[in-house]
Amino acid sequence: MNSFSLGKLTCLLAMLHNDSWGKEVEDELKTRGYRYTIGKVGSMDIVKVVAAIETAAKSKHIIDEGHYREAHALYHATIEAIQGIGRGTIQFGEILRTVGLTFAIVRGTVDRPGHDGEWISVCVFGSIGAPKKGFEHDTLGFGYNHI
Amino acid sequence: MNSFSLGKLTCLLAMLHNDSWGKEVEDELKTRGYRYTIGKVGSMDIVKVVAAIETAAKSKHIIDEGHYREAHALYHATIEAIQGIGRGTIQFGEILRTVGLTFAIVRGTVDRPGHDGEWISVCVFGSIGAPKKGFEHDTLGFGYNHI
Amino acid sequence: MNSFSLGKLTCLLAMLHNDSWGKEVEDELKTRGYRYTIGKVGSMDIVKVVAAIETAAKSKHIIDEGHYREAHALYHATIEAIQGIGRGTIQFGEILRTVGLTFAIVRGTVDRPGHDGEWISVCVFGSIGAPKKGFEHDTLGFGYNHI
Amino acid sequence: MNSFSLGKLTCLLAMLHNDSWGKEVEDELKTRGYRYTIGKVGSMDIVKVVAAIETAAKSKHIIDEGHYREAHALYHATIEAIQGIGRGTIQFGEILRTVGLTFAIVRGTVDRPGHDGEWISVCVFGSIGAPKKGFEHDTLGFGYNHI
Amino acid sequence: MNSFSLGKLTCLLAMLHNDSWGKEVEDELKTRGYRYTIGKVGSMDIVKVVAAIETAAKSKHIIDEGHYREAHALYHATIEAIQGIGRGTIQFGEILRTVGLTFAIVRGTVDRPGHDGEWISVCVFGSIGAPKKGFEHDTLGFGYNHI
Amino acid sequence: MNSFSLGKLTCLLAMLHNDSWGKEVEDELKTRGYRYTIGKVGSMDIVKVVAAIETAAKSKHIIDEGHYREAHALYHATIEAIQGIGRGTIQFGEILRTVGLTFAIVRGTVDRPGHDGEWISVCVFGSIGAPKKGFEHDTLGFGYNHI
């Protein structure tokens, strides 16, 4: 697992954190000194998803809320991830669909030539569907940015 | 792992198939009687990505190539996955970026009320970036459809 | 008219149902054993358009509301049709425009090699424009899916 | 039919011009003094579709090719129509799909308060699908502009 | 400055109207007999931006509100400008961002072969960012249409 | 002019560099110690526009080509600017339009609370239109990112 990229670890964290494998993912993140957090949000309002990710990132000190550039980096990674969830349009309730999502945010360095500085990735995994119990299917989105 | 959804297994397959965990993912897919395949494609042309996924799905009998509805279901799941890769626009070389991707396709039933029939999901994971070695970062896309 | 495709009949139904030609269109639909319905919806909220189409499809038994795959098929056909209405963005009131629409939904088989199973098409025809009487023009959208 | 809007006549012309009803549509267009034309184009290249519509409009004198504003009005109506065909992305061959289309262009006045001047509408109807014979389904797009 | 295009003057007006250069821009606009106006709007709701531009255009007689074609021309130029602001999606508050904008609208003739008639351009300049004081950066959008 | 934001200076540079005002803009950029460059590109291929901006930024040392994060920051600012040019779709020749553009790239610090570090902005100004001499109009796009 020590060969896994920052982005892959982020996605595995979002999908496996409740599973035995999730423990290993977290151990690897800690070994690397990465900052990370996991959260959940369910809504028909995209704004609540964006806000939940930002709030978690700030409260868990993944980003420093006094630095606009950090908030800016996270914001674009978040919107990219939501584009994967929306597949073509960034709308949930406006077009009668709702989401139940788990998100993972990971920030750290990348050990590759030219990749100096820090990077942030966001993975959102869960379900999207009609506002009717069970009428939903899996969905996943991923964003990545320099920070 | 027997509680994992079809989509989650597809994503884990795309990301872990070369890892020890990948063996467990494949075992679970086989236990459920799911059809699945894994492939790789690297290109600046999106059409090659779409074609690689379709070709793999046909040659590995994930879909029956004589049935248009199966090709139609796969096609839309594929485009959805590529939307996650592209994040806002479905273009690679046209805007000077290239991708190196591993894709997984899984087809099978879903054991939930109302989810009768079969479903297909496509996960594409890899790197996207400039046509310059190492100037690339992780990317992931996911699509899902009834078949 | 017996050579007309399922999609063409859907569009003619949406545009001509109040006209003498509409009677012939409906006769052809009945002859083929197609399920179909017609409805109207006017709003600045897209969600009301999506909901009106879904509700009509369920109440007129075009789809079986207990099967998620049928709702999923209709949903994507509906969103496709609304994309034609919106032309570039799926937004009405958010960008200060309103719609007055007639929709037709048709479900049935297609007598072509490889086109086994059933298909569903949605045509939405009407006006789009400013929220000021008469400041509007024609608009049309069309979606199609396997079901 | 004398109550039909300019846009509705355009769509009926695209769909029915080979049918007995098409004769009546053309008669109505002539009665109103509308300029119109019909054409066909099949391609994986969107640019060929745009060019075919523009060329037909010029050669049939629907627009005056010496006036940029007329070409500009037609261009935007054409792109709108192609957005309906593409449903979410204006790409054909780039994402492995091809189209076989009939287009109708109609230009004329609209007899409603406030609708002074001339308007142009474009309807494109036909099939979209995989580059494999028969693996295609109906598609329709519509655009409208002041000219 | 007499060689500046209508669009360039519109952008300079939006950016410089409070500056000494702005006086020269306005003088040039007046010399040409162009109709123009400047306004401000800040909101998380796109609809308020669209409405502010339309209202200013009507009240300052840039367009004649009794003619739908003029409102239609302005509307599309406005949406184009907002697309530049939004960069990829026409959403502000829905995705947790807010704008503070100055807009300029200019209408007039263009002294180039083939460019007969009048044209309208809209430039929107200001800031976009998080709903937190100072967490925002510059943004600019531009639209242009025949009228 | 010393109150002008980084983005405003970038846009003025793109529009005025051949004018007497342009000299003042450049003086202000130099006073602030900003890195900047101006270039021109005309094409039906978007990839040539993206490449021209990247090449100019590297050769003029606006970005350090050995650092992927700098190329990444510029890339996203460039694509944002091109979205303003394209207004709804990032396509030029594919939909039968061509561009003749002047671009300006500016990099530097922003003297506002929370805006620590450096920022980069890209403004693209010029014409877009049919591949026919004179059948074109003004266009402008703007992007901004942390670097």
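Residue numbering begins at 1 within each chain, and the chains themselves are lettered A, B, C, D, E and F in the order written.
What we mean here is this: contacts are C-beta pairs under 8 Å (C-beta built on N, C-alpha and C of every residue); 3 or more make two chains touch, one makes a residue touch a chain.
Per UniProt, the chains are A, B, C, D, E, F = Hut operon positive regulatory protein.
All values derive from a computational prediction rather than experimental measurement.
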Recurring contact interface, reference D-F, options C-D, B-D or A-F [over half identical by residue number]: B-D
Fraction-based call for chain F against chain A, same above half, different below: same
Farthest chain relative to chain D (centres taken as mean CA coordinates): A
Cα-centroid distance, chain E relative to chain F, in whole angstrom: 20
Euclidean distance of C-alpha centroids - chain B vs chain F, Å: 36
Distance between the centres, which are taken as Cα means, of chain F and chain C, whole angstrom: 43
Sequence positions of chain D contacting 2 or more other chains: 68, 72, 88-89, 91, 94, 114-115, 119, 134-135, 137
Parts of chain D lying in touch with chain F, wherever the complex brings them together: 45-47, 50-51, 54, 68, 71-72, 75, 79, 82, 89-91, 94
Footprint of chain F on chain B - complex, ascending: 89, 91, 93-97, 129-130, 132, 134-135, 137
Touching residues on chain B, where the partner in the complex is chain C: 66-69, 72-73, 76, 114-117, 119, 145-146
Touching residues (chain side chain B, partner chain A) in the complex: 1, 5-8, 11-12, 15-16, 19, 21, 80, 83-84, 87-88, 112-115, 119, 121, 123, 125, 134-135, 137-144
